[in-house]
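Next up: some structures, all given as structure tokens.
Next come two complexes, and both contain subunit A; in the first it sits with subunit B, in the second with subunit C.
For the complex of A and B:
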């Protein structure tokens, strides 16, 4: 029995469906119960959270968690489906430390809010950037430029007169 | 050797019998012509080429192009090729460029080697502004030239010439060290023809 089916037996109400994603056991979880399931996943021996991905499907957001167990040599993929208007899911940073930065990256590029995150701010793009670039409705026609302020901080603006050659 | 091509096995050539036909440079004019670095040279005939006249900017140009010191700045994978160009196999020290300065204040030349992201762009511009005049910029690789594969990206500048003036563009992704050296030679040609000597038509 693979770990996804194990989760289905333990949490019959929380797990919506199980399957496979590129030969990895996949379980789709209700977003309210993610934290409970994740605690159990940690107890099952999945000590490594490899990557968190956020995907924009125009009508919904999906957040994909890839786990790996170094002791059992097993993979597990958890997936939550979020509302497009209010993409919010609870943070896993209290269980896996690495989730701190991975969730900040997902927040930065896709704009998914992680409730209970200790320090939810942009990690790659400078503060003040307009929009989340990996969303489908991101406006590519607006050029944003970065200039360096007096204290070395990044200032984002849409006019590049300080930066571009005249 | 037969007519129409080399048919002789190169291992069997007796190198002691080969005579070099090139004349050894004797006078100062010959020596300077032999380098090919100064294009405007006038010699006093009656002194048999022992006195040279030139425009002063041509002498300056010669001095500048003979020791271009680049600033150590790499932005992406093109910087790896820059290191390969500086290493012994391709040996950019032949052009007097082996000293990659760690400070832009001591450098003449900047290689923009790699992707110029929006966040890096003000830093690149600042680095250029910190260099003392005269200064030159070589834009290396597709990313620095036009944006390259990241042309449709939200965070990459579409060509470094939007923020700083560029003298030579080297295409490639990344360009091989041979392409780098060709670009360097093009920049040396450009420096050689700067100034009033070239403007007045005094160069050969």
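For the complex of A and C:
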């Protein structure tokens, strides 16, 4: 039995469906139950959280977690489907420390909120950046300019007329 | 005695941050209480750019992620595309790919050793490291006409076959390199000052290292016997004989020694690749008619159409890059452009461990620990 089916047996109500993502066992989880399932996943020996990917499908968001177990040499993929208007899911940073930055990155670029995250703020883009670039409705035609404020903070504006290089 | 906490900014422009990275250090005297990392100075939006390029057009962008070792980047992306679309690759092309990957691993570790020692105040090693690296870059130049950004590995194979006289030059390099690594060991590994700076510095348990997402040689310095080339074999690695280099101490010195061992292992792989390289079989052009152009099969690449539309689907594919696990998550919606590309870069995830690792150390130790993690900022910020 592969780990996704195992999860289905343990949490029949939380696991919506199981399948494969090109040879890797995949389980789609209800977003409310992600934290519970994730705790069990960690107990099952999946100690490495490889990557968290947020995808904007225009009508919904998907967050994909790729796990690997160094002890069992197995892969597992978890997926949650989020509402497009209010993309929020609980954070896994308390279980896997690497999730801290991966979730911050997903928040920064895709705009998914992770509830219970210890320090959810932008990581790659400067604070105050308008919009989340990896969303499909992100407006690429608006220029954004970053200057450094008096206390060293980033100031983002869409008005570039006062910049030196103009 | 009561002391005040002091906030020190290290970077963004600091020689030992290997690019533009900023540490916000809360100091108690000389001891680091808290380390916060600020990044993004080199963010170029590569993932967004990927959504606007066709599958073939995105290959050169991967060169610019980890610019020290660009072949593994090329290969990781191309492997994901090939898995997504189920493309077969000629055996000779696979051997050439492994050749470039392992050669690039040596180059990467040379740069890492050089810059680590330079950060620690020993300027000899960077001269030696860059001297040997130059020979390897000349080989790359011969192979694909570029020294650092190659755009050589493409979906379906590689762009061109090896030029004449490449293998003798490569053999020369391998034989030379064997002696050089012994030299390096003599020069640094036994050096008392170096050991004093490295041993017992930046220690982390294996469990913590895994939990913080460390991968690659950095993780193998913590006693975790893992290598994606062994666990999920790809390309022709199953046919090659090599061992996984592991050290158990979990400190900076162990992470450094793993690099030295890996260079030797890479040379061992290169020798086998040279011996086992299958001869070039001219591909039949009859099916496609006309003159050779992109997309037409050659001895080292299968047919890859210019208008390429993989079936809709998702794939996460990863390889053992010189710095760790490099993965590409590609979502295809069946059009000529990827719907979403997510890059799981080894440098970004290895860097998460730094704040925990350097708590209670001093700033010079931060430089030593950071140097052995081996990050490239192009890879962190993407």
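Points worth noting:
The working rule: the second predicted complex is superposed on the first by the 162 of 166 C-alpha atoms of A that agree within 3 Å, B and C clash if a C-alpha of one lies under 4 Å from a C-alpha of the other, contacts with A are read in each partner's own complex, and residues count from 1 in each chain.
The criterion applied here is as follows: contacts are C-beta pairs under 8 Å (C-beta built on N, C-alpha and C of every residue); 3 or more make two chains touch, one makes a residue touch a chain.
Because the structure is predicted, anything quoted here is derived from the model rather than measured.
Of the two partner chains placed by superposition, only subunit B is touched by A:145; subunit C is not. The partner that reaches more residues of subunit A, of the two candidates subunit B and subunit C, is C. Legend: residue contacts after superposition of the two complexes on their common chain; A:73 is shown touching subunit C, with no touch to subunit B.
When the two complexes are overlaid on their common chain A, residue A:126 makes contact with subunit B and with subunit C alike. Residue contacts after overlaying the shared chain place A:16 against neither subunit B nor subunit C.
After overlaying the two complexes on the shared chain, residue contacts for A:163 are found with subunit B alone; subunit C is out of touch. Put simply, subunit A uses residues 125-126, 133, 138 to touch subunit B in one complex and subunit C in the other. Every residue of subunit A that touches subunit B in the complex is listed here, in rising order: 125-126, 133, 138, 140, 144-148, 154, 163-165.
Of all residues in subunit C, those touching subunit A in their complex are 39-40, 43, 45, 47-48, 51, 83-84, 207-208, 210-213, 215, 224, 226, 231, 313-316, 318, 325, 327, 329, 331, 339-340, 342, 344, 348-349, 351-352, 356, 381-382. Taken in their complex, subunit B has these residues touching subunit A: 118-119, 121-123, 125-126, 152, 154-155, 161-165. For subunit A in complex with subunit C, the residues that touch the partner chain are 21-22, 24, 47-51, 53, 55-56, 64, 66, 70, 73, 77, 96-98, 100-102, 105, 109, 122-126, 133-134, 138.
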